[in-house]
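First subunit A sits with subunit B, and in the next complex the same chain sits with subunit C.
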Partner chain A sequence: MSLITLQLGQCGNQVGGQIFSTLVDDIFAKSTGLSNKENQAYMQSSLEKFFTQRETAGRDGSSSLPMARAVLVDMESKAISHTLQQAKKSGRWTYCAKRSYHQKRGSGNNWAHGFCVHGPKSHEDVMDLVRKEAEKCSRLGGFVSLMSLAGGTGSGVGAYITQSLRDEYPHSFILNQVVWPYTTGEVIVQNYNAVLTLSHLYDTADALVVMENDTLHKICNQLLAIKNISFEDINRVIAHKLTSVLQPCVSDSAGGGQMCDLGSMLEHLVPHPQHKLLTIKNIPQMSDVAREFSFHQWSGLIKNLRQMLIANAPMEEGINWAIKPSSRTASGHTCFNRSLSSLVVLRGKDANSVDPFYFTDSSIYTPWMPSDMTCCVARQPRLFCEYEKSAALVSNSRASVQPLNRIIDKAWTMFSTRAYVHQYLKHGMTEEDFLDSFVSLEKVVASYDNL
Partner chain B sequence: MTQSVIVQVGQCGNQIGCRFWDLALREHASVNKNGIYDESIGSFFRNVDGRHDDPADIPVGTGTGKIKSLKARAVLVDMEEGVVSEMMKGPLGEVFDCRQLLTDVSGSGNNWATGHHLYGTQYKEQISEVVRRAAEFCDCLQCFFVLHSMGGGTGSGVGTSILGLLEDEYPDVYRFVTAVYPSSEDDVITSPYNAVLAMRELTEHADCVLPIENQALVDIVNKISQAAPPTRPGKRVFSEHAVKPDSALSTGAGGVVKDEKPFDQMNNLVANLLLNLTSSARFEGSLNVDLNEITMNLVPFPRMHYLIASQTPLFCSADVKMPPRRLDQMFTDAFARDHQMVRADPRHSVYQACALMVRGDVQLSDIRRNIDRLKPNLHFVPWNQEGWKTGLCSVPPVGQPRCLLSLANNSCIHQTFSEIRDRFSKLYKRKAHLHHYNQVEGMDSGQFADSLESLTSVIEQYRDLETAMNQPVVAEPRLKVFS
Partner chain C sequence: MSKSNHVRGVIELFCKVLLENKVSHLRAETLRQAKFNNELAIEPLWELLHDIICYCDGKSPNGKECRVTFNKTAAAVERVKSQLQKWGYLNPGLSQLPVDMSYGSRQLLLAVGWVVHSQKLFDQVISKRTNPLYQHLLTFIETRSKTPELEKSPPESHRSTVSSKEELQKQLVLCGKLQLSLRRLFAVQQEMAKITRSVHMYTKGVNLQPELDHLTTLEVYLLRHPGAMKHMLEELEQDNEQLKHLLDWKDKEHIFWQWLDSVLDLSIQEGDPQQTLLSLEEEELVYLPVPSTIGRDIDAARTELREAILKHEEDIERMEQIVFRKSQKVSQVEREVTTMLMDRDLVQLSSRLASCGIGPTLSAGASTLLAEESQQEQSAEEEAAPLSSSRFKFQLQSERSIKAGKLNILTNAVNKKTEALRERVEDLEETLRQMQLQNLEQLQQLVNQNTDVICILPRHFKGLLNT
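This part shows the complex of A and B:
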């Protein structure tokens, strides 16, 4: 099964480049913990999923390097040309430069400019590129769209293109990976843009994986011990998270032995259309140096990961162990992070023999979910990115409600003064469009609150 | 990539323009060592084959062609010949050709009405033609930068008439105005009239105005020269705080124009402002800021589009033994009163929005740390507590490892405007010089009152931000949904 990645906007393109480079790092990693034959199968399966390969170098001198199954979209050229260059410089993989689409003038952080102007203008060309890429897949497993919520192109054009994808591929799976902006200081109108994007994506995408810059920043700082954090560092964490889930693994469910593909993951994780927000938690995460000198037990990792879920901790450091599924607030409400469903991906040494009973416990899930449908486990005995043991948890839980609430709050406060609204109306939006988006997100918040 | 056209009007506008082109060439020469005509240099310059009489453009193409001959994407307008013809005779003359110029000999007599109504109408066709020519050379025109003073007649009058023309003919192209406000000791007696009449045009027709006060520029230049005693030929000056020769924001060292004229240092500050403002649109960076993002993020309400700029650091120390100034100091200074390009104090007033645009070796985490550090001491309007826009451009300015441009939409601008209004009112009460204006065709006495009212409403809008800060915030409750 192959996945096509859409890189939308500056953020989407930067993240995309990093994801493919992390994939290649993992595919060609030195220590794998597998026999050569098993490892070949893993490599083949991953390459097939994310890259197209040619057996020999083309006659025109083109390389035989793996070529990412990606479509690059931005409204200005700089980010794309930088991403193409970086890939070329790596010497290990490339993009197909023909699969990129850019205009001359950016969307200027204006969602309406992206959605109402650039989107309709570019969607035919972009869908054409997607079609060409899809024709190269013997089995198309779905789409992964990468974008930020803050800017204009990623968010505005991204929302439009996702809609077009849905129209043209009604039965394919679409996973949108959205980068949640820093709380302060990236783009001032980011909360408007985020509200508009999320409400539109909620109608079209199968699931949204939420990556918060603030938490990623903390991970870089505290777990990876990076002093001067750049966007590259942040993107590397995003790539690590996403690939830790998407790289080949085998699911335990019904009959077992099934390759865990995007479709079955999303079917399991999103049992209800009002609940589409996913988060990914990883353990362990550490700097390369620390990794060489550390040793982990599966039992410890799993136990920590579960508590990260319950206490909604973004990382293993500073988990609040006092929170338990049984604890209640004074008013009788549950105060832990209740989930709807989860997917645990275990990778590395002895991954096949780990008992995930910590996650099958029905008390951490909402009561109306049948207990045999709450947790799915997938395994892969191969080391992931040279981690001896590592686990990733994709969860559909209340965790995303907090940042969502924050964004709605701020956007609403701003909207009540109508600040900046004129800039959106200029491109054909109306105040009702804003209100519709607010309403649909309030519904999302309400349905997560009711878990 | 997009292109911008600079429209320089009047004596002041052309002097600033002259410094801008010199420094723009210097900057691109330092980045683009191989003399390749790429998209980055193409944003301000055309590449032409100079052998022809009417040189044709050589397009960027694959971005590997050599630079033949550069022509500035500029329109030069003045109602006197002096400044423009001097510029044409100087070393910068090559980057312009005569089809980009429009001059008269008689001057506007420091009268906005003469500039705006008389010359504005008389030269409308010609101006439109010159601008059209510049616009047609661009394959994606993003922005017009209009440079002029507010005190004189040509700059304020013809400048604002061109602004209206641009709005009519290029509604989708942004209009940024760099407006130099007269200081109170200005020798033009009618400058308050000109400034107020022009202000109304700026409020209504510009997307974004960068107000600059002459006096503030003088103060900054003095601050720099105090740190760097002037070097006399034959005598080396040893000082602990000596400024690295080409690092000061006010210096033109390394440019093609060798002899320094009065005002050059001040104008270099403004030229650098334009370079730093556009750097993130021209060069690569991990967080690009295109020009359309500036208005999008910094202009919450259409008429409140006046942005106060500050640039730091003013210079680098030449003494290698001195520890480099802390990076954080650059951020602190950007909010200090004595670094602003108008004499105002944003730190003690109310911010609607603020942009921090960094160039050079600064990391994302440096910006984040400094925002967290500075934020508690700044006042933002309640509905925009996180009103920060940030940009990271990887190409540093010439002579410095890094720099910061801060743009603030801040209530303190109302003091600057009130000062001008007071000076206007003093003359207007006595009807002094009014007849010079009213005798110009197209001018009617209502325009004075209207302009005054327009300015007053802007002042009040900004002042209201401050009064609102002292009142309790009543938040509108969020929408309720029933599921």
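This part shows the complex of A and C:
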């Protein structure tokens, strides 16, 4: 099974490059905790999933490097050429340079420019690249689109390309990883862009993995103890989160022994058409230096992870332990982070013997969800990124509603005074488009609130 | 070897073939017990009949496609009886057997014999056999590794407090899950097709089956896994053995039928004590699907028919009287109306009779025939013949004579008409000639008066004038 990664816009390309290099780091990691044969199988499976490999080496030997199954799209050439260069410099993997599409001029942080102008213009070429990549897969497991919400190209062109992907591949799985902008914001119209992107993606993609810049920043600051946090550091955290879920693992459900591919993950996590927002929580996360001197117990990790889910804490530090599924607010409402479904991925030593009973408890899920469909566990005895034990939790929960609400509110305040709207209208959008987007997102918020 | 040994061997073969082809499990002893009406044989024989029925319906009870097992209930027994009657086994001996399976193993044995013969069970068995080399790779691996079947957890008990809104959400979730599962299935199927294709491509030019130009996936698998080859060999040997058993059966089949004949003889000689006891009650048991109200329906139909006949008789009498009274004065309209009324009744009654399976069918066309009949009489004879006799005539006349009569009337009418027309034409010709003459004379006079005009008459006019 193979996944095709679409790197859209500047952010998408940077994150994509980081993801592939994290993958390669993990695949060729020194300590694996497995026998050579099992390790080979894991490596083969992972390489098959994310890379293509030529069977015969070229004359210079470079062609034997794994080549990422990726399509790079940006309206400026800067980010793409930088990413290509970075990959080449690593000397362990490459991109196929032919699978990139770029133009001279960017979208200028204008969603409408990306969606209405660049999108239709680049549609045919990008789809051609995707088709070529898809033809190389013996089984197309799905698409992973990486993009940001705030910018113009990633969000505008990204939304358009996702729509085209759905049209072209109606039966494949599409997972969109979206980077949520900082609350303080680099771009004045980021809330408009985010609202428009989210509402469009909600119709076409199967699931949206939300990565909040604020949270990622905190993780870098507190857990990884980085002083001057750059986007590269943040991208590394994103890559760590995504790969910890997407790397090969074996799912417990349905008789057991089944490879947990993207399809089965999505089937489990996003069966409800109105609930598509996913968040990933990881434990433990620490700097390379600290890792060597730390020791974890599975029971402790799982317990922490569960409380992170209930209290909606982004990391294991500073979790509010007072929140319990049984606790109620003064008005009688539950105040914990209720989920629709969750997927726990356990990687590392003794992962096969861990009992995740903390997550099978039905009180943390919405009452109408059938109890056998709430929690799914996937395991992989191989160490992940040289962590001895690590757990990742993908949850379809209320966690993203708060930031979503914030964005909608801000965008609405701006829209009520029609600020900057003319910039969007001049590219062929109408005010109704805005209103439709607001309405559909309000619906999403409402359905999550009703969990 | 004695004859009884022969028989025993063949009966054992019969059971073995049924077992090997997954028709049914049966002990040879059971059949022998059944010959002597032993009670122990009753239940297994009902089960055998049930299994044969399932097999012939295309659903093998032990196969994967069907899990209907004989559950020893009265309903299951009745189902077997009903199916046998549908196939045409109308022996009351079987249908009278009690549903609690308390006796009647010999009757059942006879029924088994009849079903095996009439449904050509062994022909079906042979036609359903497949070559193990042609089976799908997955079925081969499955039978070999015996993967544990998925445990079916019982459906979650319905929570009593679930509101309809929550139920709706739940359905939405299940629906979404199903959709995503289908997509996954689609992807896996595509992968399967791609991989199979690549196997076929790489093995192009090598073949084990003469009609193919490549190896099948099963063959490639066997070549790569020597252990599987051994397994396949076993399977083939087993297949061979089973085929041999079938051949043996074909050879020795007659012994089985002879034995069954002896069972029939025994049954006739001894009679069945319980059967005679039951037949005293004169209850005919029918298990064919008939509507439950059939008895009432038949009674109702019968009384309706009787009433209709009575009503009709009255009508006839009344009409005869009317005809007598009016004799020649019957107007056309009256005649038509009565004909129509009577005809409608006739058709209705005859259709009722036909539905009961008695009497000829009479279509609506009878009315026209009847009408023509009476018209013919009117025009030809102008005599007031009693209507009853005309009806009588109609019933006797063959179709050909009716046609001839019709033709006669037609030719008469045509002849008369032509005669009249001819006379009219002659009259007209005469007047025309006279008018022409008059006109010519007038013209002649005019010409004579005016000398400036030169008139040249056509030649045949001159001839006319001269005459």
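Basically, the second predicted complex is superposed on the first by the 447 of 451 C-alpha atoms of A that agree within 3 Å, B and C clash if a C-alpha of one lies under 4 Å from a C-alpha of the other, contacts with A are read in each partner's own complex, and residues count from 1 in each chain.
Just so we're on the same page, a contact is a pair of C-beta atoms (placed from the backbone, for glycine too) under 8 Å apart; a residue touches a chain by one contact, two chains touch by 3 or more.
From a predicted model like this one, the values you see are computed outputs, not experimental measurements.
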First (subunit B), second (subunit C), both or neither touched by A:Tyr182: first
Contacts of A:Ser264 with subunit B and subunit C, given as first, second, both or neither: second
Which partner reaches more residues of subunit A (counting touched residues only), subunit B or subunit C: B
Which of subunit B and subunit C A:Ile408 touches, first, second, both or neither: first
Partner chain in contact with A:Ser371 - subunit B first, subunit C second, else both or neither: second
Which of subunit B and subunit C A:Tyr192 touches, first, second, both or neither: neither
Which superposed partner A:Ser77 touches (first subunit B, second subunit C, both, neither): first
Subunit A-touching residues of subunit B, taken from the complex the two chains share: 1-2, 39, 139-140, 142, 284, 286-288, 290-293, 295-302, 352-353, 356, 363-368, 371-372, 375, 382-390, 475-476, 478-481, 483
Residues of subunit A that touch subunit B when the two form their complex: 10, 14, 76-79, 82, 104-110, 113, 152, 182-189, 217, 221, 227-232, 234, 408-410, 412-414, 416-417, 419-420, 422-423, 435, 438-439, 442-443, 446-447, 450
Residue ranges of subunit A touching subunit C (in the complex, touch as defined): 1, 138-141, 171-173, 206, 254-255, 261, 263-264, 266-268, 270-274, 366-373
Interfacial residue positions of subunit C with respect to subunit A in the complex: 148, 150-151, 153, 156, 162, 166-167, 169-170, 172-174, 176-177, 180-181, 183-184, 186-188, 190-191, 194-195, 198
